[in-house]
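Before anything else, here is the set of structures, which you'll find just below.
Below are two complexes that have subunit A in common, paired first with subunit B and then with subunit C.
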Partner chain A sequence: MSLWVDKYRPKSLDALTHTPRLTHLLKSLSVEPRDLPHLLFYGPNGAGKKTRCMALLQSIFGSGVYKLKIDVRQFTTPSNRKLELNVVSSPYHLEITPSDMGNNDRIVIQELLKEVAQMEQVDFQTASGADTGGLAHRYKCVIINEADSLTRDAQAALRRTMEKYSRNIRFIMLCESMSSMIAPIKSRCLLVRTPAPTTQETVDALAKVGGQEKVTVEDAVILGAIAESCDGNLRKALLTFESMALNNEMCLKPSTALIRADWVVVILKMANRILKDRSVSSLVECRATLYDLLAHCIPAKVIIQELAFALLDAIHDDSHKIAVVQWASVFDERLRLGNKPIYHLEGFIARVMCEVDG
Partner chain B sequence: MLFGPTEDQRLSFVSGNGKTVHLRKKPAKDVIDLNWKHDESYGIDINQLLQRCEDTKNAAKQGPVPGCVKHSTSQLWTEKWKPRTFFDLVGNEKTNRRVLKWLRQWSPLVFGQELPKKSSSVREKLGADGAVLDFEDPLQRPYKKILLLNGPPGIGKTSVAHVVAKQAGFSVIEINASDERAGPHVKDRIHNALFNHTFDDRPVCLIADEIDGSIETGFVKVLIDIVNSDFRATQRLASGASNTVQRGKRKQRSSGKVLTRPIITICNNVYASALEKLRPHCEIITFQRPAESALLERLSHVCRKEKLQLGKKRLKELSELSQGDLRSCLNNMQFMASLQAEAPESADAVQISDQVKDMAISWYRICNQIFRRNPHEDAKVQFGRLLRDVEINSNYQRIVQGCFAMFPEVKFSDHSLQKPSAAADWLYFNDLMFKSLFEHNGDLLRYNSVVPMAFFNLFSDIANKDDVRGKVNEFDHRERLRNNDSIVLATLHRAPPILKIFMNKSSLALEVLPLLDYILVPDFSKVRNNQIKTALLNNIVAALSSFDLSFSERVDTDLPRVTCIEPPFDKVTLMDEKRVKEVFTKRPSILNVVLAKAQESKVRKRTIEQAKVDKLDLESARKKHKTTSSKPVDYFKAQYANVQTKGNETIEDSGCVIGGSREPVKIWIKYKEGFSDAVRKDVTWNSLWE
Partner chain C sequence: MTSKNGQLQRSLSSLSSHIHGWNEVVQPNKPGPTRSKKRRIEGGEHPKEQTALRASEEWYSKHKPQNLQDLALHKQKLKDVRDTLQQMVSGESEYKILLLTGPAGCSKSTSVHLLSKELVQNYREMAGPTLQMRNSAAPSVVEYDSSNFSLGSSKLDHFDEFLCQSMYKIGPNLTIILIEDFPNVFNSQTRTLFQQSLLRWLYSSQKPLPPIVISLTECEIQSTETSSSFFSVDTQFICETVLGREVLNHPGVKRIKYNPINKTLLKKHLNNVCAKERKAFFPGKWEKREAFIKSIIEHCGDIRSAISALQLWAESSAQSSFGIDTREQSVSYFHGLGKLLYGSKDTGGDNNTINDLLTSNSLMQSDNLRLGILENYSTFNRKEFPLGYAMDIVDSLSVSDTMYNMKTAQSLGEALEYPYRTVRHRFASFVATDSKTSPPSHNRTVFPRESKVRSLVKRFLLEANEYTLIELNKYGNSHSFRDVVLYFAFYAPFIRKRLNFKRRTLVHFLESMNGSAEQKSAIENNQDALMVNDATDVLDRVGGEIGMVNASHDLAFAEETSNALLASSKLQAFSKLQESYFVTQKQLGNQNDTPSFDDEPLDPIIESDDGSENFSDDDDEIYDLLASQSPRKQ
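For the complex of A and B:
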């Protein structure tokens, strides 16, 4: 009972679909679970980092890893403020997301992880095996989501814990890009790059789901179009596929219109407006749209990225394309350094209008 | 009778029968007067007044310019002309009375205990009123124990608090920002002030001034702790009071937590983040700027007293400039008075406009001035004046924001948006600088006015004459963002953990929710094929249940009530106007069908489960018959055999017939599912037996 993207999510290593080389690597890791290194999965959004991570845990601990519960833990900062944090955990692992804790992630890392790390997990099942001759130690896995948003302090707090308690604890970190991870952490982990599926792999995955859900696909061209539009984000592809199937009587023709999220459509429209009408009044309308987008929880960096790509698609002059890319990168930097996204987004639009005017 | 001279001043005479009678001198009359004078109940001492009149007359004769001496040596006028009694107070009398009323509500408790005889009949009456109003409070105190006065600076909040406290018979202890107010220090001080007795027989009223600073959280926390502990103590008291009042009182004394003294807090900004927690505990009274007439009256009164010749018009100008800030009016007047004293003839020539320049102009007016250019004046002069205005206002962020909001609205000559893009660079500079302002100990502070001036250079034009107003409100935008953000979070929290681990907030907002929106409301009114229709509906219901979404009725519009999904994530996802409209036109009918389907599936699920359970029961019953000689039964048999050998009374009647053994036995079995007793479910005999 759930969305297709969750319904057909592979739960074991054998069921993983794309990038067979990576699957092979993970299988070899799961053969000797005692030697599992700290892992750092990195790769784009929707490429299946978390799915692979859970599948690996499943192959080591069994399906108990999917029996999840949510605990509310309390922490006290040095300034005596109380923090509450939801920790998702199974009997074998627990998960933390640093962005939930804001600037206090160092405290959480220190307190929570030490607490976990100092508790020795005893494995009674393998202890009965004659070869070990006694109770065997087992580690607990800690998954750190969005590890790239860990502050430097937190990462520094992590590096010693990783070594000192490596007997009891294993880290699996997930992040989109490794650039913000400090080198000591990288050197302590086995880096696992999780690439996005290729278009063909996406199409295969969609076709498989479509077959099981009895969606009539007249031509694989439409699946290709979905895969293209989703840029290797399998989650987005599956969601698009489901929404298109449901909106078109479970029957996809090559001519079926692609469904895009509203905000993407809005950005596309805005790009066209920028190129068509380059004036202050147009700028004012763009500003209203930008405010609207920001208010709908679309991060500024996503807006500038989508807008730049939409502009690139719509512009035909090569010199203008170069200018757009150049200014997009300049304003992207400004966005990251500054605090006021609206200034920079609008500045980007004004610049692009200038450039196109020549 | 003969009067004879005697020693000293005593008079004596010899009476007829030869006795000497000494007469004592009558005490002088003015001595009695002296006693009289000190008794204030007789009102104003006329002698003293006369004396004072005389003195002032003499003084006037002596010094031709008394003002000069006075102004240079005496204290600040703001101190000097501070209101001393309730009737001196300028400003909204209603608010003043509200403060007084709140304070009076304490009287039954405070004066009832401390000075029972002093409480006048008026007070008693008031106290009775308070008791009627606050019947919950056993000590007849006001419902909210802290008074929070707020309002713009200089309109007399502190003065009102002091005067009213004195008027109500309290002695004031003030803690303001100049005192150490961090954590334990202040805690001791407050506790001393509130819970101890003073040598002064007047009860204490605590006035905490200027509590909206950012560093005051420690102080505010102490206040909240006091209120909370008071609340607990009061409840204990209230419950105890029903039994015996006497015991209740003792409890109160032993715990020492019941707040028995009023606390008045004063701030400029009630919405300061430091006060967020305190606000619900406070009776909040907002001070408005005093009416102009009242202000003028007071000002002219001061003028008269200080012998300052200022015309009505000047006074009016003064009060307008300060926007009701009485304190700054007084400061300005003192300044003018000293000028007058030095060179009386030029005093009137002092242009008030000189002072205008040192007055803050609102950011909005400055923003509008930035876009104007006077063709008859040198640009440099305008630039200089504007720069001064901006720096005096010093609310740079607001000014820059205002400029940003307004510049597309004004007229300016430009070649294809060069100016807006140049402005973007300046805004970037501003953004960066503002971020680092707090890092470098304010070194960059003096570059703050650069960006507004850049706007002046870029956009100022002769054609701009009317005030403009930016279209988009930053505040509204933030509010909307916060609402949507919380909707996304709520949706995320509803998802079961197994789904939650595979997504985060941004992927939910960017990918899942917008597409989920399409998934949930497909238009299936045209679908003919029934099979496909059920498949569609099944998928929708599956999607709904995976996020644990429910339905509710939207009421926030003037349109008739329509069905919508709860939490209303469509507010986050929908941006296209056409689709937003659909929420009210097309969607409700679709959702109603889905709702029916969802309920149906729920019912069906239940019945299926029921059927499954029944089936299981049946099967297990059948199995049981087959496995008569299985191991567990043997085990139990052996147990019962043991029991029987003991020859007890266990064998009485058949509770249940077990397996092959036909003996009637009573068996008690404890069964726990899981490790918690909280989980209870019906356990059939058979499920134990398998």
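For the complex of A and C:
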């Protein structure tokens, strides 16, 4: 009963679908598990970073890596605040997501990793004669999701840990862009670029899933349209595909309406409103919508990005387009610097309204 | 030298009695002893502790109004209170509770005490002439005292007990119940009980009940945190937060608002006090009193504090009036906001207004005011101002927010000043150009919505967390939070659609059965489906507007989402999951591969699919019939 995204996620290196060159590289890595370097997977969202990373671990440790359990760990910050963090782990690896811990990620990284790194030594001497030949058990893998959201502090702390405990610990970091990773970390890792699947590869993946789920696809055109609308994000493509199939009794016609994430629709509506009704009261109503989007945990960065693209599509005047891009970048930077996203989002909308007014 | 020493001691002890004086205020005071004069003469001697205490009786309690004519209260307001209370005493009124609200020192309690003395005695004379002798001696007012615990009684139902005891003070025994001292309403449990007791009283069918008067001194409590705060009793000690919406909206409650005492009344009273206390004045002070009184009344609507200031000034030997100030009129959130948005005429120039605001108190340091500006700039002139102004203001707020220091979690002073000045500058220039035609009129200012959004986010996080835990325990998939947000976005509309459809078909089915026994059992079995809100449309999950924070609506909201509650529900969800995890483990051990749906009612996706399957099994024909109808048509 799980979602198709999870159900048809490849579990082993052999099952991976797109980018065969990368699969080949990972296979060669799994041949010599003792020498597994620290890895840094980078590539767009929905390109299969996590899938590849788990498949690699599977080829090294066996399917035990999919036996996940979750622990709630408590950490205390210097200011005596209690932090709770869910740590997902298997016998062979553990996963952390730094965005869960906000600004205190340095402490969590230090405490957690130190604990893991020091404990493993004891653990693994006893397991050295096990049936995997003792090779793989030398180290434990730590997967860091969304590594680009680590603060500088945490990255610096990580660098120390990587050096100090490299005997017991291997890091696999996943990030979308490497620009926010500090150089020392990049130099200590094997960089693995994970490209997004091409439209054709996405269509193939969708067709495969559709075949197994017995979805009647009248024409592959609709699959192409789904793939196009998702910009190489395979996760999004599968989600769209599944919800479209469910909404249309498992039968997709070329004319079937594309389903988008509901908040994207809301942002599109808002963009239209901004261009049509440029007034203070419209601005106030936009704020209410913004608050609702924020309340549903849509990141402000994503809102401003989607909104800017939606505006660019709807605007015809080139000078206005330039202004939108310019202000979007200004307010995107302010979002990073600031604390409360609502000021910047509304500021952007107000700017755009004024620019379009001339 | 020694005389000066004595004076100093006196003012010290007057301070201490100031603190103790609160409870003593209740009893009408006998005319003050003339000891103070005597002590003045023997000022050279070392004063004994006792004489010092006796002598420095507070003027505000000493010259407490003895009759209604002396009361510092507007005549119309007094008439309002009197009429309402008169009706309540005589039992003609539908009101059971009279609620008096207002800032400190505006004669709330005094007026109640004086009025009740008069009204209650009148009533008793009418009601039971036979018992007159005994009853006239009984107090006309009984007051709740939260510190008056008998040993062994529970703190929580102390108030309830008090109400029960007072319930029979009717007929010839009639007494007004005055609630001025509250139980510890900052504790949410105590507050709930307090509100419940009042509600029970309001809904009680027992006809003659003694009238309750609640006198509530409203104030804003400055939070020490710099982060913006919730709209709750912790920051706004006002009747909305203390009593709750249900009590306030009950028809049995009459609310009368008191204002700070106006300048004319205050001046009159201060002059009266001066005339009575002429002898207590320090030599040379009497002549200067006019100027001092004038300076006090300028910024004080608090009679208690004004008299205290007068006393301190008059009895001290210090010649200047510096350093003696009345209670600082703290700038409340709404007050500060009003000054920024609409300007102020008192201070002369916007520059001064902002400088005053910046130095006045901690309000300016908090994020709340900036959020308030964002929330309320559009109220200026009912949104009728150029868009460019709005842009400038929001832009200034945005720039100011970037000057936020992550490490100390505080903003720079300049960062705070910048938006304030922009706002004032912009709106001041607007008034200059347009005020000839008509003065700008404004909408009501509101509290920022940020806290509401934050609690919604917390709730969302909790839901997402539950989903991740279920997915992990049941299927062994781990999801990042970002993905969960995406899943919700794609599937929530679909799930809502299905639930809605299910409910409609069910309703239709039930209607067709016309009240047979089957219908009842069907209703019982499908309670959860019937509870789905019809109004939620397919795309309703996001994009709805988050309404303004409104005292009567959002209070319950702020209360129920307090952190403690969220934390506990988080723990509950987790322990529930642990249980379900073991159950599934056991089942897996028994080679029972079908996951049990009943163990995890939390999983929204499973729930909907599961429900519709059951439904089709049970009522195949009707389902087929109804499935041909579009879910949206009905």
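Criterion: the second predicted complex is superposed on the first by the 322 of 358 C-alpha atoms of A that agree within 3 Å, B and C clash if a C-alpha of one lies under 4 Å from a C-alpha of the other, contacts with A are read in each partner's own complex, and residues count from 1 in each chain.
Quick note on the criterion: contacts are C-beta pairs under 8 Å (C-beta built on N, C-alpha and C of every residue); 3 or more make two chains touch, one makes a residue touch a chain.
Remember, predicted model here, so these are calculated numbers, not experimental data.
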Superposed partners subunit B and subunit C on subunit A - clash or fit: clash
Partner chain in contact with A:N103 - subunit B first, subunit C second, else both or neither: second
Subunit B versus subunit C as contact partner of A:E249, first or second or both or neither: first
Subunit B versus subunit C as contact partner of A:V31, first or second or both or neither: neither
Which superposed partner A:N339 touches (first subunit B, second subunit C, both, neither): both
Partner chain in contact with A:L294 - subunit B first, subunit C second, else both or neither: both
Which superposed partner A:A257 touches (first subunit B, second subunit C, both, neither): neither
Subunit B versus subunit C as contact partner of A:T51, first or second or both or neither: first
Touched partner set for A:V72, first subunit B, second subunit C, both or neither: second
Residues of subunit A contacting subunit B in one complex and subunit C in the other: 1-3, 6, 9, 45, 66, 68-70, 88, 95, 97, 99, 145-146, 235-236, 239-240, 242-243, 246-247, 259, 261-263, 265-266, 278-281, 283-284, 287-288, 291-299, 334, 337-340, 342-344, 346-347, 350-351, 353-354, 357
Residues on subunit A engaged by subunit B in the complex (per definition of touch): 1-4, 6-7, 9, 45-46, 50-51, 54, 66, 68-70, 88, 95, 97, 99, 143, 145-146, 213-214, 233, 235-236, 239-240, 242-243, 246-247, 249-250, 259, 261-263, 265-266, 278-281, 283-284, 287-288, 291-299, 302, 334, 337-340, 342-344, 346-348, 350-351, 353-354, 357
Residues of subunit C touching subunit A in the complex: 367, 370-371, 374, 378, 383-385, 387-388, 390-391, 394-395, 397-402, 404, 406, 449-450, 453, 456-457, 460-461, 464-465, 468-469, 471-473, 475-478, 480-483, 485-494, 497, 539, 541-547, 574, 595, 605-606, 609
Subunit A to subunit C touching residues, read off their complex: 1-3, 5-6, 9, 45, 66-70, 72, 86, 88, 95, 97, 99-100, 103, 145-146, 235-236, 239-240, 242-243, 246-247, 259, 261-266, 269, 278-281, 283-285, 287-289, 291-299, 331, 334, 337-340, 342-344, 346-347, 350-351, 353-354, 357
Residues on subunit B engaged by subunit A in the complex (per definition of touch): 404, 408-409, 414, 416-418, 420-421, 423-425, 427-428, 430-432, 434-435, 471-472, 477, 480-481, 484-485, 488, 497-507, 509-512, 514-519, 522-524, 527, 529, 532, 535-536, 539-543, 545-546, 572-576, 579
